[in-house]
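You will see subunit A twice below: alongside subunit B first, and alongside subunit C after that.
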Partner chain A sequence: MKERRDWVWSVIAIAAVVLLWELAERLVAARFPIVPAPSAIAAAIFRFATPIWLNLQLTLVESVIGLVAGSVLGVALAMLFVAVPRAERSLYNLVITVHSIPLVAVAPLLLIWFGVGITAPTIVAGLACFFPMAVNATRGLRAASSSALDLMRALDATPWQTFVRVRLPASLPYLITALKLGAPAAVLGATVGEWLGTAGIGYLLFSSMVNFQIELLWATMVIATAVALAGYLLFVSFERVFLGWTPAARGPQ
Partner chain B sequence: MSFDVRDREFVALVGPSGCGKSTLLRLVADLDVPTSGVIAVGGEPPASARRHRLFGVVFQDPVLLPWLDVLANVSLPLEVARGDALDQAAPAALLDLVGLGRFAHARTWQLSGGMRQRAAIARALVLRPRILLLDEPFGALDEITRQRMNVELLRIWSQRPTAALMVTHSIGEAVFLADRVLVMSPQPGRIAAEEVVPLPRPRTFETLASPDFLGCVSRVTKLLLTAVEERRP
Partner chain C sequence: MSVARVLAGTLREAGAVLGLLVLWQLVTMLLAVPVFLLPQPIVIAQAFASNVDPIARALLLTAAEAVLGFIGGNVLGLLLAFVFVRSSLMARLGLPLAIGLRSVPLIALTPLLTIIFGFGLTTIVLMAILISFFPALVAGITGLRAPTPEALALMRALDAPESLVYRRLRIPAALPYIFAAFKISAPASVLAAMVAEWTAANSGLGYLILDAGGRYRFPLMWAAIVAATALAVLAFVVAAAAERRVIRWPVETA
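Right after this comes the complex of A and B.
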């Protein structure tokens, strides 16, 4: 119950900010069109619905492929780290280094290598969620308690049975955390990858900015935010439904 | 050290912390490997006894998997053993026996500490082991719950007779449960003394007040004190 009340309060807080923004716009800043009123942004979303939707489809495809591929590779690297500790010692710093390269620097490089199209933004999206998944999955695959592993040994379980029945379920809360972080990161990554391209939400943001279509810029930004948030909430609901046994999914008691 | 546990005999191992009594149990369960010496479970070395599921282990931590419900936790050994389990007791019947019949589909975190340990005992019995290995199973419970669980354990054990080897640091618990109490001394860990418990079964809460019980507890206490004193320079 407490959780539901928190949820109501955060909706009230967001509504209050939007309302204040609208009022400020009408009373004070009407002559400065740099920051349009929320009502103007809402109107722009409807007015530009077609170009936004067409570009959004592309970004969604790139984000989903990037999220899936980046997460699968992240889990694969984590499995390697857990199975071969030496691999972790020698590769961990390399992975950190790769993660430290700013994605805005990687994006133009990929554009040069792969040309304009879906490939470069997808790779940037994948990179953005690869790292949180690799780190969380490494921790998750080691999260099984030593007593649970003792139990499986006493039951004479094979390594595969121990993996499927203990190590994997114990890692799921960590994997879902990585997906909650990764879904918005993939949308952001795809957008960054499209920045210098010819289509997609990132392209729409960039072109509306250089063409000084301020209301289109804001409308696109709001939609991009909503999509990233929706990705996050999707995995929050996954957690509620499939990971009801974790303390996090049960919420405060 | 040398000792054995006979069929359907309940042996308790008491000793101060750090005397190696839990290690001893882990060696019997093939969770650790001895540097020297011979251990036989049902005439087999621990590793092959483990493969043949001759023992069931109850740890101090009940180790219930939170992603499974209570029944699935109790059935886990059957799932792991698949076809090669020699003998199977129905998990649902075992849940009834340990008093958790109504909680088969409860989530593990909804159970109290005592109930979790009941589930762990049911799980240890599901493959009908020859010997039950108990490592301070009620050590984390409060005193009242602990005593109730001891009575329950004897009731369950009388229904499913196996040999039992229990490690505990509670002398009262050891005397109440066991046919024989082994007293361990630390550094190096060894069996310093042995006391046969003369109490008749079934034992109940009344047993705790009987002169035989109290006499036995004080004898074991003296043996334990002597064992620890001998080690002091």
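Right after this comes the complex of A and C.
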């Protein structure tokens, strides 16, 4: 019940801002072209629907591949860390250091290595979701209660059975948290990776800035935000549907 | 942990890094890896040595932009968190907006900011402000609301004024969350400043990396990447050290 009221407030707040913005634009700043009115941006989205959609497809493909590959590698590293604690001790700082390399610094390098195309943005997207996944999955695989682990040992379960029956279910809330962080991060990573390329949402943002196509720039920005938000909401609803038993899914976000 | 053990750990890590560098040097030398793929560490070091001046200038500029943005973003974020915790009406109206804004891919916003605020320092610092704003806001709200209802009820029963509740209860409870946010936003503001330099500057580390790559000066590019990484790591290490100095009690943050 309380949740529904919060929704109403959100809608009111957002509607108020959009309305004020529109009014301000019409009354005061009608000749201020850098910040178009919301109605103008909406119209631009329809007008530029074709170029936006063509570029968006590419960004979506890169983001999805990046998210899947980055997450799988992140979970694999976490499994290694949990199975072989020595590996964590010697690799953890290396992982943190690699994580500290700014993605912005890597993007031009990847472009040189792989050339213009889908590879470099996909790798940036993958890197962006790899680290949240590695950190959360490591924590998640350790989250199993010690009594459950003791029980499995008492039942003489194989390590694989313990992993599938105890550790993996216990880690699911952590994995979904990582995906909630990772999905928008993947879109963002792909976008940044495309800046220096020749296609995709990132390219569209960059080229519309350089060519001073303000309305196209705003329209692309809105779509990019909507896609990142949709990625986040997708995993929020996954959490609600499949992980309703965890406290995080029931509590307020 | 004893000093000897810390020292041994540091030595082992230094050894690992050194080993990695030697391996990198040998592989690039023996396989004759072309310089655009992966320069030899020695070549990168030479590029670093012969370009100390431009790299240092770019580094200081980017660091200054990041620091300004970090301070601005945290001041704004924490102030707003305070307002939201004090007034539930503001929180109801403002939080959805803040969350909506947070899902904007901020880095992708750079071209837009560049158009609106022009080529130059304003855009870059603003970008760093935006990046550090949201972690501070979220940490501030969560932290200021972290005290248990029992502790708050006790303060009320003791007739403590609101300012005392903040000084003794809410702010100490919020500090762990705020420092956790610092550890995220300190390196992130370096990143934000560097991205903004791509579109809004012809100086700084972000620009240097791009420019060196564009001119096929790959060792210089790598030297700048190393400098950028060092700056981001330094930002994190400083934030973590500050956390260790200030938070001297055991904490459990969710």
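FYI, the second predicted complex is superposed on the first by the 251 of 253 C-alpha atoms of A that agree within 3 Å, B and C clash if a C-alpha of one lies under 4 Å from a C-alpha of the other, contacts with A are read in each partner's own complex, and residues count from 1 in each chain.
The rule we apply is simple: a residue touches a chain if its C-beta (ideal position, glycine included) is under 8 Å from a C-beta of that chain, and two chains touch if they have at least 3 such contacts.
Given the structure is predicted, the values throughout are model-derived calculations rather than measurements.
Using the contact criterion defined above for the overlaid structures, shared-chain residue A:121 touches neither subunit B nor subunit C, since it reaches no partner. In the superposition on chain A, contact of A:94 is made with subunit C only, not with subunit B. When the two complexes are overlaid on their common chain A, residue A:147 makes contact with subunit B while staying clear of subunit C. In the overlay built on the shared chain, the residue A:161 is in contact with subunit B alone; subunit C does not reach it.
Annotation for subunit A, partner touching more residues between subunit B and subunit C: C. Judged by the touch definition given at the top, the superposed model places A:169 against subunit B, while subunit C stays out of reach.
Contacts of A:74 after superposition: neither subunit B nor subunit C is touched.
Look at A:197: by the touch rule set out above, it reaches neither subunit B nor subunit C. In the superposition on chain A, A:182 makes contact with neither subunit B nor subunit C. No residue of subunit A is contacted both by subunit B in one complex and by subunit C in the other. Residues 13, 16, 36-37, 92-94, 96-97, 100, 103-109, 111-112, 114-116, 187, 190-191, 194-195, 198-199, 205-206, 209-210, 213, 218, 221, 224-225, 228-229, 232-233, 236 of subunit C are the ones that touch subunit A when the two sit in their complex.
Within the complex formed with subunit C, the subunit A residues making contact are 6, 9-10, 12-14, 16-17, 34-35, 90, 93-94, 97, 100-106, 108-109, 111-113, 184, 187-188, 191-192, 195-196, 201-202, 205-206, 208-209, 212, 214, 217-218, 221, 224-225, 228-229, 232.
Taken together, the subunit A residues at the contact with subunit B in this complex read 145, 147-148, 150-157, 161, 165-166, 169, 172, 244-246, 250. Within the complex, the subunit B residues that touch subunit A are 29-31, 50-51, 53, 55, 57, 59, 61, 63, 65-67, 76-77, 79-81, 107-109.
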